[in-house]
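Chain naming follows the written order as A, B and C, and within any one chain the residues start at number 1.
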Amino acid sequence: MSHGDVEVAALTPPIVARSSATSALGAAALALERDLLLAFRHPSQLVQPLAFFAMVTLLFPLALSPEPARLREVAPGVLWTAALLASLLALEFLFRDDAHDGTLEQYALSGQSLTTLLFAKIAAHWVLTGVPLTLMAPLAALSLGASPSALPGIFAAVLIGSVTLSLIGSIGAALTLGIKRSGALLSLLTLPLALPVLIFGARATQLAMSGGPVVAPLELLGALAVLGTTLAPLAAAAAVRISLE
Amino acid sequence: MPEGPLEVEDLSVWRGERHVLRGIGFSVAGGQGLKLTGPNGAGKTTLLRSIAGLTYAEQGQVRWRGVDVRRDLRAFHASSAYLGHEPPLKPDLTARENLRYWVGNRRRVASRELGAALQRVGVETCAEQPVRTLSAGQRRRVALAGLTLLALPLWLLDEPTTHLDMDGQQLVGQLIAEQLARGGIALAALHHPLPGTLSAVPTLELAA
Amino acid sequence: MAWTWFHRLASPPYVYGVAGRLSPWFAWPAVLLILGGLYGGLVLAPPDYQQGDGFRIIYVHAPSAWMSLMVYTTMAGAAAIGLVWRMKVAHAAAAACAPIGASFTFAALVTGALWGEPMWGTYWQWDPRLTSELILFFLYLGYMGLRAGIEDPQRADRASALLAVVGVINVPIIHYSVTWWNSLHQAPSVMRLGKPSISLTMLLPLLAMLLGFTLLFIALLLVRLRAEVLLRERSSSWTREALLT
């Protein structure tokens, strides 16, 4: 046997004292860090939804016409439809691997709040998909004929709206865990719930481009984000538990 | 100090129309182990999962320290470790990183402690490699290192010796013996007999 | 004592028996009310001074639209009960609601489109009511899709129940946002109900139809519930006895 007695003594720690337990915040921070680290080991997964977003934006000038006035008119709708679809595409990665390798199971059994841990996962997902989308949306808007003065409004709208999209999407992603070929079902579950974000987001973009006051739709987007933050992680946690049963 | 006890009373689980477990009952005190045996499909995994609170039992009760675990599932989880068929490891993280996140989620763990645990299970040479490149047996060993690091009173182990060589199976026996020696409890679903020192551990045979 | 009715309600054989005895008590009044309402609406009521005979489709459209929402709420209520108290019969009731609700929603959409043709000169107008109705239809489809997608019946029950609860929280938000969106883009809808000036001969048949559709839903639900309970309990001994006697 290669295991010396000294090692054995060091390696059978007494049953853990409560004082050394990780706090809820510490566990959430660790979960967030882990997801970011994993994502950076696979950068292609990050780039794909972004490339998709750019591609969809490109489709419209080709399908409609390159005429600036016409593009400017449809730009808000194009932008938000593309953003919605891109965020939907990224949702598949949210829980799938963790469900597959037993991480979600360990989270559910960790004695930590599953809601908090999933909130951390959703936050990581937003950092990895929502933030890049937010940075890219103003560029896409420019290409569709928005004036530079419209960009702050568009940036704010996508920033707030993408938070809600990640939150709502987490519910659908958790509900479809364990279903093979769940892509179409995931869209069917998520899109109707995401429509308010599309409506308020497109309106904010439209107002920003026409120089109107964007505050009202931004406030509505903010209200949705607050509501989503409170309820979506709870629902996602319940859905994850159901998938583990 | 002995932990527990874990008491299971009249536990029944249905899966759809099938009765997977019917009226299971036993009691394990601190320092004791229990071996679950039975043919495939006898419900060993289901029993472990329903004790852990993952699978819902329509009937019966699981008590930890005399309290129904459903009354405070999180408190019960804070003192129990469940290890399923597959080691809960991320292929893209190294063994050391995996343990850092898995164990760190529950308790603060020093880097030196991680290294020692990996050495103990005999995977120190590949501790910095992505788990993807490890063999199934090595992964199992990494998971065992995590299990000891969690340092929890109750172990629920589903086939802990899968993919392990003779030496590895010895190691599992040794770890369980240590868990019992410090007053902990271990429940393990096993196909293989446990090594020598643990032959006294009682067995619960589940019928198909 | 107070809980005994609740426990009896959870017992499949009891529910099977009671549902069978109750359903005729709802079915016959429903038939009479609907026949009476149709006669009143299609024959007795005077033509509308603006819409002529075209308005008469309201006697099918309005009750269908009303039921589409009511069935969804009932479904979510039953689902929540099943989720909280793990009551199998409640899950069966929720599952029984979905196809009925989807049918009413579909009827509301079709009659809405038929009404639209003489009113707007087109079968489809993005009217807020019709748009909301269409989204509701997708919510029903998502619910049924999720049920069908999960193989394990218990997990299917619980996951779809969670979706129904999430959906019912979202229905008002979606409806509000669609109304808000509509108010920006076009004039108020032609389909207004409950005008104070509506004459009694027009109103009474409508009320009869509303009540008749509600009773029809309850009767259909009881019949479907029996089938659903029977299907779920097909291996237990009481079903054999129930079917042989």
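The definition used in the following text is that contacts are C-beta pairs under 8 Å (C-beta built on N, C-alpha and C of every residue); 3 or more make two chains touch, one makes a residue touch a chain.
Note that the structure is a prediction, hence the values are computed from the model and not measured.
The chain closest to the protein's centre is A, with centres computed as averages of CA atoms. Top contact pair of chains, counted by C-beta pairs, is A-B.
Distance between chain centres (mean CA atoms), chain A to chain B: 34 Å. One inter-chain figure worth recording: chain B and chain C are separated by 48 Å, centre to centre, where each centre is the mean of the chain's CA atoms.
The set of chain A residues touching two or more other chains comprises 245. Multi-chain contact residues, meaning those touching two or more other chains, occur in chain B at positions 56. Residues of chain C found to touch two or more other chains are 152, 154.
For chain A in complex with chain C, the residues that touch the partner chain are 171, 175-176, 178-179, 182, 185, 188-189, 191-193, 195-196, 199-200, 203, 220, 224, 227, 231, 235, 238-239, 242-243, 245.
Those residues of chain B that touch chain A in the complex are listed here as 3, 52-56, 74-82, 84, 86-93, 97, 101-102, 104-108, 113, 116-117, 119-120, 122, 148-153, 170-171, 174, 178-179, 181-184.
On chain A, the positions that touch chain B within their shared complex are 1-3, 7-8, 10-16, 20-22, 26-27, 30-31, 33-34, 37-38, 41-42, 97, 101-103, 105-113, 117, 244-245.
Taken in their complex, chain C has these residues touching chain A: 135, 138-139, 141-142, 145-146, 149-150, 152, 154-155, 158-159, 162-163, 165-167, 169-170, 173-174, 176-178, 180-181, 184.
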